[in-house]
Amino acid sequence: MTIGADRRFNQERDKLNKIVMKYAGLTVKRFYNIDHQVYQDGALSAKTKELLGMVSSLVLRCDDCILYHLIQCKEKGVSDAELDEALSIGLVVGGSITIPHLRRVWKVWEEMKSSLKKRQKREKHTS
Amino acid sequence: MTIGADRRFNQERDKLNKIVMKYAGLTVKRFYNIDHQVYQDGALSAKTKELLGMVSSLVLRCDDCILYHLIQCKEKGVSDAELDEALSIGLVVGGSITIPHLRRVWKVWEEMKSSLKKRQKREKHTS
Amino acid sequence: MTIGADRRFNQERDKLNKIVMKYAGLTVKRFYNIDHQVYQDGALSAKTKELLGMVSSLVLRCDDCILYHLIQCKEKGVSDAELDEALSIGLVVGGSITIPHLRRVWKVWEEMKSSLKKRQKREKHTS
Amino acid sequence: MTIGADRRFNQERDKLNKIVMKYAGLTVKRFYNIDHQVYQDGALSAKTKELLGMVSSLVLRCDDCILYHLIQCKEKGVSDAELDEALSIGLVVGGSITIPHLRRVWKVWEEMKSSLKKRQKREKHTS
Amino acid sequence: MTIGADRRFNQERDKLNKIVMKYAGLTVKRFYNIDHQVYQDGALSAKTKELLGMVSSLVLRCDDCILYHLIQCKEKGVSDAELDEALSIGLVVGGSITIPHLRRVWKVWEEMKSSLKKRQKREKHTS
Amino acid sequence: MTIGADRRFNQERDKLNKIVMKYAGLTVKRFYNIDHQVYQDGALSAKTKELLGMVSSLVLRCDDCILYHLIQCKEKGVSDAELDEALSIGLVVGGSITIPHLRRVWKVWEEMKSSLKKRQKREKHTS
């Protein structure tokens, strides 16, 4: 059974983060901590915050960062229409230079949706 | 009576946009149109969209763009805490390089809040 | 028979664009439209416009965008010397950070030239 | 008699370049040299090269660089329509984040056109 | 008695930072803390770290950030030649787009050197 | 015997540079020359200069450039702690958007350290 793009990404990310932490001084550790805290529920919902993280990553054109937030968006229940509207802002602000990233976003989104469906089907059969 | 930072900004912006439109071909006109439409209420609220526009502008470090969305955020009822949380994401994603812009954001925010208070006071007196 | 880097790129691009269009709202569709129109012949030739698109993509360091415009440049008849001079401006404006992209540009350019030669040879033989 | 935006810019630029050169080592001097050479006539015309320099500067959002190339574009005979088409590419590639710079471009362009007209009028009267 | 560019900058910076701190949540406060700690003496000297901060700010083209680190470089005893060599790397990496910032660096450097000389002269006279 | 990430990188880089030089005009050749000279020992040590090059590349997020300077840093004797402190500045200045590059830096650093150890072991055995 193959694993989805989201799981593969998370596995590789975890593996590399372990190497980072082996060498990380206090600054890097603290930064990782802040980077985790800033997306928690607060005056703004965690969902809105993930959209903010994703669109920031889109206009700065960092595929790994976009993908990370995209997976979080899926988990927080972002809909297709919400994703399209958030990405549209990134596209207008950041220009056509963001389009290759946009393409990869939707490709992974499709994969995540289809692998979710399969999982739900399997769970239905086994229950 | 002096005018606030937000009005001054809007006046200058309108003046220059008139010059742009004098020379603008179809592409620029269409782009301006899209740039207006993309922030309208939809699956995501106009308020969330303005926050997305502002944080994108922050990480790309464009003062004029940040200021424009900041004024819109004020009009859409963004609170101090919501603004702080949105900007915090921009700061973490974009790094210390965004701090000078952050300073200018809060400076204008203070000015907008104080000029709003004065206006409300005046209106109360004259009513 | 293997296919050239340009064809592979275009096939992948078309495949992903179909997914984008499946989810695209009005803004994304309109943006794609503008993005197509802006490179058509006008006061400036389509060739000059492709060079403008390519050098902009180079200084913003987007490989997919560079490659797209590079293929267009080849089709519009850009010569080796013209390409070198355009890229040189991108290199000077954008700095050594553009060099890895420059390397990939010339690598693909070589491939496109050699696959063009082969095609012409084949056509000569079969005619 | 006031001086135009272009002359003021060039005077300030020359003044600061003198300070740079006072401290400049070999690298900076050589870089300045390359930066001058790269815009000379060659396989591509100096006019096309100035457009390439200007649009690169637009997408990287450097006002001083844009202004420098804008003045050169004026001297090389770039027309209103050519300028609009080149800027349109920068706008589409770089997104709405370039709009504040676009506004300043057209403002200076207007000033340069009107100061040119005045000069021509004066010269006509005195001849 | 007029104050130097460095003092003016620091005064404005302190004033605005007070406004930032008035609204700052935990993330912003922590980030400011990290941003202070990261430049302290360690395996690398504070002087080397300020050069790293300055060149990073140069290639990202943030005048306020460059100026901040430039003042620190002066205090840490960076020489003219060391400054030139560090800036040269920024220029080569980041391209001609950094030149306007380079000009402003050397202008402020000159001002700081000349105001230092005056202060030393005054102190000599009064002692 | 497999070759390390550093050797593979250098081989690919040399191969592509040959193609670049085949088409390179005077500007590109001169730029390559400056790009080499700027990292030589001077008022600042070559080691400090490589750190400056690496951190600049990190905040501009160019993997090839980071990797190139990382290999040079290893050769100039940069320690784990020095590397961590230099990267920490890049992380704070450039934000979380640099983290994916940070991960790849430490991964290659580990590989270079382990392949160095193996080489030393082999040499010890054969001597």
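As written, the chain order gives the labels A, B, C, D, E and F, with residue 1 at the start of each chain.
Following the convention adopted for this analysis, contacts are C-beta pairs under 8 Å (C-beta built on N, C-alpha and C of every residue); 3 or more make two chains touch, one makes a residue touch a chain.
Source: prediction; values computed, not measured.
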Each chain counted as touching chain A and chain E at once: B, C, D, F
B-D, D-F or C-F - pair sharing over half of the A-E contact pairs: D-F
Fitting chain A to chain F on CA atoms, where both chains share a sequence, rotation angle to nearest 5 degrees: 120
Most distant chain from chain B by Cα centroid: F
Pair of chains joined by more contacts [C-beta pairs], B-E or A-B: A-B
Centroid-based (C-alpha) most distant chain relative to chain C: E
Averaged-CA centre spacing for the pair chain D and chain A, given as whole angstrom: 41
Inter-centroid spacing, chain C versus chain B (mean Cα positions, whole Å): 36
Interchain centroid distance [CA atoms averaged], chain D/chain E, Å: 29
Numbers and ranges of chain A residues touching at least 2 other chains: 25, 27, 31, 34-35, 38, 42, 56-57, 59-60, 65, 81, 84-85, 88, 91-94, 96-97
Complex contact set, residues of chain E against chain D: 61, 80-81, 83-85, 87-88, 91-92, 96-97, 99-100, 102-104, 106-107, 109-110
Chain A-touching residues of chain D, taken from the complex the two chains share: 59, 91-98
Touching residues on chain C, where the partner in the complex is chain A: 13, 16-17, 19-20, 22-25, 27-28, 31, 35, 56-57, 60, 62-65
Footprint of chain E on chain A - complex, ascending: 25-27, 30-31, 33-34, 37-38, 42
For the chain E and chain F complex, residues of the former touching the latter: 34-35, 38-39, 42-44, 48-49, 51-53, 55-60, 65, 79, 81-82, 84-86, 88-90, 92-94
